[in-house]
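Quick one: the structure is below, and I'll ask about it shortly.
Note that the chains take the letters A, B, C, D and E in the order they are written out, and that residue 1 is the start of every chain.
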Amino acid sequence: MKKPKKHKSKKLVGQIPGSAIYTGEKSTLKLFIESFDYNKQQCKEKELRDVEESFGFKFSDTVTWLNINGLNHVAEIEKLGKHYELHPLVIEDIVNISQRPKIDEYENYLFVVLKMLYYDTDEKIVSEQVSFVLGNNYVLSFQESEGDVFDAVRDRIRQGKGRVRDMESDYLLYVLIDAIVDHYYSVIDTLSDKIENFETAIFSGHVDDDISQNIQNLKREILRVRKAIFPLREVINRIEKNDNKLIQPSTLTFYRDVYDHLIQVSENIDIYREMIWSLMDMYMTTISNKMNEVMKVLTIMASIFIPLTFIAGIYGMNFEYIPELQYRYSYFILWGVMVVLFISMLFYFKRKKWL
Amino acid sequence: MKKPKKHKSKKLVGQIPGSAIYTGEKSTLKLFIESFDYNKQQCKEKELRDVEESFGFKFSDTVTWLNINGLNHVAEIEKLGKHYELHPLVIEDIVNISQRPKIDEYENYLFVVLKMLYYDTDEKIVSEQVSFVLGNNYVLSFQESEGDVFDAVRDRIRQGKGRVRDMESDYLLYVLIDAIVDHYYSVIDTLSDKIENFETAIFSGHVDDDISQNIQNLKREILRVRKAIFPLREVINRIEKNDNKLIQPSTLTFYRDVYDHLIQVSENIDIYREMIWSLMDMYMTTISNKMNEVMKVLTIMASIFIPLTFIAGIYGMNFEYIPELQYRYSYFILWGVMVVLFISMLFYFKRKKWL
Amino acid sequence: MKKPKKHKSKKLVGQIPGSAIYTGEKSTLKLFIESFDYNKQQCKEKELRDVEESFGFKFSDTVTWLNINGLNHVAEIEKLGKHYELHPLVIEDIVNISQRPKIDEYENYLFVVLKMLYYDTDEKIVSEQVSFVLGNNYVLSFQESEGDVFDAVRDRIRQGKGRVRDMESDYLLYVLIDAIVDHYYSVIDTLSDKIENFETAIFSGHVDDDISQNIQNLKREILRVRKAIFPLREVINRIEKNDNKLIQPSTLTFYRDVYDHLIQVSENIDIYREMIWSLMDMYMTTISNKMNEVMKVLTIMASIFIPLTFIAGIYGMNFEYIPELQYRYSYFILWGVMVVLFISMLFYFKRKKWL
Amino acid sequence: MKKPKKHKSKKLVGQIPGSAIYTGEKSTLKLFIESFDYNKQQCKEKELRDVEESFGFKFSDTVTWLNINGLNHVAEIEKLGKHYELHPLVIEDIVNISQRPKIDEYENYLFVVLKMLYYDTDEKIVSEQVSFVLGNNYVLSFQESEGDVFDAVRDRIRQGKGRVRDMESDYLLYVLIDAIVDHYYSVIDTLSDKIENFETAIFSGHVDDDISQNIQNLKREILRVRKAIFPLREVINRIEKNDNKLIQPSTLTFYRDVYDHLIQVSENIDIYREMIWSLMDMYMTTISNKMNEVMKVLTIMASIFIPLTFIAGIYGMNFEYIPELQYRYSYFILWGVMVVLFISMLFYFKRKKWL
Amino acid sequence: MKKPKKHKSKKLVGQIPGSAIYTGEKSTLKLFIESFDYNKQQCKEKELRDVEESFGFKFSDTVTWLNINGLNHVAEIEKLGKHYELHPLVIEDIVNISQRPKIDEYENYLFVVLKMLYYDTDEKIVSEQVSFVLGNNYVLSFQESEGDVFDAVRDRIRQGKGRVRDMESDYLLYVLIDAIVDHYYSVIDTLSDKIENFETAIFSGHVDDDISQNIQNLKREILRVRKAIFPLREVINRIEKNDNKLIQPSTLTFYRDVYDHLIQVSENIDIYREMIWSLMDMYMTTISNKMNEVMKVLTIMASIFIPLTFIAGIYGMNFEYIPELQYRYSYFILWGVMVVLFISMLFYFKRKKWL
């Protein structure tokens, strides 16, 4: 097995609390900021060269989506954080990519961390952290690197499809979270396919040594997906239930919808988890069945030929006086006896259903 | 195994929230709408040609049941939804057939999604989504296709049997839900029968390779039924506990009755689930027992004949001086010794309870 | 195994809600009503011929216990229900004998359903439904058939033993429920005995094929008992905690006592459940141990005699020139070698603790 | 196995509620009452001859501890109960020794039942019921028989060590409960030792048949300890949380301390429970490993000698023309071939790590 | 296995409640007290010779951290406790090193107990108890012995890095707890590594007898870590949720951050726990697979050579008239037959996938 890159919890021991340190591995990426600034009438899309360019959006009366890629640029992110008056712990959580999905409510903004899940080209699950800051008229999103599941959202903003251009920043946050949760479905579909493949393999008796290893890996995958998705339920539930002035009542229905999707995904994950534990049982049973089959062949061969060989051995003895040896037809009679024995043994095993 | 048609979660990734897209597979079905419009005195039953015909019922002071079949006709359903002032997310949930059972309360209506369960002709469990909209004087029901469990309800409305014609729309909704929950009983009875059949099969020693596969399939079936039924408890509980002006206090007793039935069904499902996990254990034990039996036959055959063959081998040696070979009765004495050995071995195994 | 009569959930699909239909199998039983009408001074016991005779008790100022046997007489029970102003759903629940233990509070009465458990003559657990209606000055009890656990209660009422004649109908209900719960103890004692018998059997190595079947049956029995008893805790808890005008504060202490007993019974059931799951493990271990023993005998026999037979085979070869064959003492030397081999093998296996 | 005396739940079926019936087995014990009557200045210790002697303490303004041993003397205890105005159900619970740990609050006193645990001389866990009644200025304690864990408490009262003489009866109750809970530690230490011994035994390969039986017994012991200790948490928690005028605020800190100890004991018990379930797994693995070892010996012996014996058999055939038989060195060449075969087989098994 | 020193729960039975008795084993250590006394402007660090030296800090208006090492010096700690007005139970808990993590709120101070976890040089997990007392302007910390995880904190105080010098004692307590929780990450990383090593070992087939023992040890380690960490969540949660005047609102955000870390650690531990249970399954499967392999070799050898040996035996018989023996080419024909048999057997096993 080629060992996958280990995904350590990179909380640096002894570090000053509230100090922002990037804990990921993509330390050579360029900072990349895109901005969408829109209202019902128009939408300006722009790729920003540096953080300072984004400062103006804070006070505009249009809705702004600032999407910041490249968490290794800690200093720039801190600058942005200072301008948008983010708490130092928020900055720390943004660049520390091993956060648990969570929501923190601050006076003027809402901070949400969650995990974007997708399969990479090696069929490994990738869990990338995405942080959102929801302000009065803006949403900041922070990603480790470019490439995400938001392309459909971008299109909708550009072309004014759906409701997004008519609504406030709280709806934009919903749309972004919804895009991520939608993607969970494709991840669990892949998991479901894998389980079905294993089932088919085990049912058809292809039980090589790798199966138990692959099942173990699949278990681990499900545990990781679970860890990424389950805490998010609590996050969305708190958005929906709490009375936060940043989220308007009319948007709550949409968050409830996301919540329903998350519950559905969670239930599926738990079903898959149960299925895979029971897969292991089936695998054990299949091994036992195979062993049984092997034992039967051995038992049949040995049980049939051991007595026959004994008889042959009897007449191979060199006693001076063995009366049977002199009869002319002894040999043929013996063959007859042996064939009868052989056949009746076969019959016996047939009746026992070992053949 | 003929692989059953996969039942993917068809949430379309990247779709605009609130956009109604039919996610099922029956895209060629005709739209079919039936209406029951009744009060204590009379009942008008009609098959409607198009959605517009149903618009009048909204303002009548009789109770109306509109049963819409054919979720692929999204445009028509949207038209209906607009007239009955349904939220876009409600329309989306109606045509997206992979919803989890849920209840959403809106200002003027109650939206309930649940799953109708039945066995199809191939003995596969079918889980069809049914959505209800309860308004002041109407119930809208949406089904994927014709054919349902409501025939007894239709009869009761037509013939004025029971209480249904005397009551409001909240009672009608209860009657429809009750019909679906009643049908769950027949589903879990079938499950119970299947488990008993497996038990009988395993007890009587018929342990072919298919058993573990069938048990796995049964597990999956139970998990699916569980997933369809369990969330409904919460739905009914919320109807019963909450204070919704659409449900009259006198009807609450009936919803509590449905709730009791659901709890009972749920408990049975969990019992079946535990039974089936323990079935797998029994199956393993039976396999081990069979292997034991095979091993015993082998051990007895080998243990009896191996020493005898050794003795025969001794007197087949060609040493020039083996004194026993010259005695006249050696051969017969040897037979005697062998028979004694044979019998005492049998005795030994008898005492060990291997025979 | 003689298959026990199947105990289906007999909710009739498609039936009108609130319509009373007897779901049991004892449809030929006679209706049998006994009445106890008492106060501190006196007690009148009477066997009633028909339902109408009981109507007077509703307005008497003495306490009345009406015990109705024979749920197949649905019409009579409906008549009684009408007189005592019972809700149609209550009547339905009384005659539908597959109810879950529950309590429903109505304006003027309390409706309690529970399960009477006992072992029948075939050592099968019987779970008979008993329903109680507690009114202001009466208790109605409904049983499927005659024969119950209330004889001690009858004696106490007749002879004025204990507190029952001094108290109101709420205390009478308590006494009846207490009698049923007391009987649960004898049921779980029987379960405990069965488990101990299995343990003793497995410990002493009597592992025939029936054991796993019997353990499976015992599991099912425990699950059934659990299903009958566990919901009752919630029922009694609601009586004790809620503020119902029919139950006087001074009687609450007694209900709390019943509740404590139920908790104790429940805990024992869960302990037995855990024990029996672990019994299956022990059984598997015992089978493995037995197989081990069989394997050892085979290994010892084969390991000792296979090399010896090989040696004998060597000197049975017909080569013209085998020097050992000519020596006079070859045969005896060979025997010596074989005996030494035999003994050292035995030693080896002894040291390995296989003998 | 010498079967331990069965410990049935001795609730007598059909008994009048509130009637005191001793359910234990020690029916020949003498009644033994000791009294400690103390305040800050002095302490009078006395052994009472009969119940009446204790009546005066009820109205004294000193703190009194009355320790009553001998629950078989029901009549005396009822007399005492009447004087101290105890509810009949309290008396019933005191003499019914199969109570679950619980607390009942009455107007003028608090009734606490718990279980004293210790190992008897046969290394069996004994669970003896102790009941406490906490009044304004007295604590009554009821034990089945003499001999308890309170000796250190007696010393402290006599010699005025610690705080006990300075405090009220609520503190005395705490001290007594604390003594019992302290003793739980030594019980779970013994459990821990037993588990470690089994582990060591299994690790070192001593897997006789008794192990699975002993593990089963240990499981049962842990379940019993659990049953005795777990409900006590709720009892102490209710003392600590509720607002009972008999417990002074300054004493609550001490009850919280006992509660912490109980939580710790409970957590340890659950850890031991998990360890012991996993012991069974380890035992199964060890058995499988042993079987593997046996199989390997058999396989090696058979695999090596079966082909060699075949070769010897070939040259034991009596065909008239077998060219090899005539060559002078055939025999020696054959030996060479066999030795080579033998060695290469050993090599093969060595490489397979079977040797 | 060298048995690790047993870690008994050393609550001394019969001891007076509130009496401070050191329950650890390091009874010869010197008392070592260090003090940090600082405000925004300055920081005085000092090693104190005796307890009395620390008394002044209680009334200073700077923030003081008193770190006391050496819990065996009970008398000194009691002196300190008296001066700082600590409750006797607090002193008892400080020196009793088998406390469960907990928080107790007193009038003027907060008492927190938790566990510092690290791996010692023998790769054993060490769980050392650390107690904190948070007063208005001081934090007392009590450790069993010198050596801890606070060096980074010391540096930050000395050099004024981070926020610590600007804040009150409540922030200092946070910083110290955070340092301990940070260290949990390295502990669970080690656990994760161990599990991966076992997985790799089992996957690659290195299944010696020690594996099951090592897995059992690892299980025990995880249970111990769990026991040390899980109760701490409740502790921190109570700090964060409760309204304690010692903790300022601005510091709460930081405690929430620690809480998030703890939840993350806890989730990881539960994942590892599930992984390790499934490791045992995999190990069982691997053993079964190995046994299968051994069985196959045996079956192949026996199945091929047993019939061949039988044939050889036939022609070793000494019947006077066996026609085949006279033919000149019999021997060669027989070899041919045998080779064909041999090859077709190999083919058969090949097709069965046993080779």
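A few points about this structure:
Quick note on the criterion: a contact is a pair of C-beta atoms (placed from the backbone, for glycine too) under 8 Å apart; a residue touches a chain by one contact, two chains touch by 3 or more.
Bear in mind the structure is a predicted one, so any value in this text is a computation, not a measurement.
In summary, the pair chain D and chain E forms a contact in which the copies contribute largely different residue numbers, shared numbers making up under half of all those used. Measuring from the averaged C-alpha position of chain A to that of chain B gives a distance of 26 Å. Separation between the centroids of chain B and chain D, computed from CA atoms only, is 42 Å. With touch defined as above, residues shared between interfaces to two or more other chains in chain C number as follows: 284, 288, 291, 295, 298, 302, 306, 309, 313, 316-318, 322. Arrangement of the chains shown, judged by which pairs touch: one closed cycle in which each chain has exactly two touching partners. Here the chains link up into one ring; start at chain B, go to chain C, and the full order comes out as B, C, D, E, A.
By the touch criterion given at the top, residues 149, 151-152, 156, 161-163, 174-175, 178-179, 182-183, 185-186, 188-189, 192, 196, 199-200, 203, 205, 253-254, 256-257, 260-261, 263-264, 267-268, 271, 274-275, 278-279, 281-282, 284-286, 288-289, 291-292, 295-296, 298-299, 302-303, 306-307, 309-310, 313-314, 316-323, 354 of chain B touch chain C in their complex.
Chain A contributes residues 1, 3, 6, 8-9, 11-19, 87, 89, 93, 98-100, 102, 104, 209, 212-213, 216, 219-220, 223, 227, 231, 277, 280, 283-284, 287-288, 290-291, 294-295, 297-298, 301-302, 305-306, 308-309, 312-313, 315-318, 322, 324-326, 328-331, 334 to its touches with chain E in the complex.
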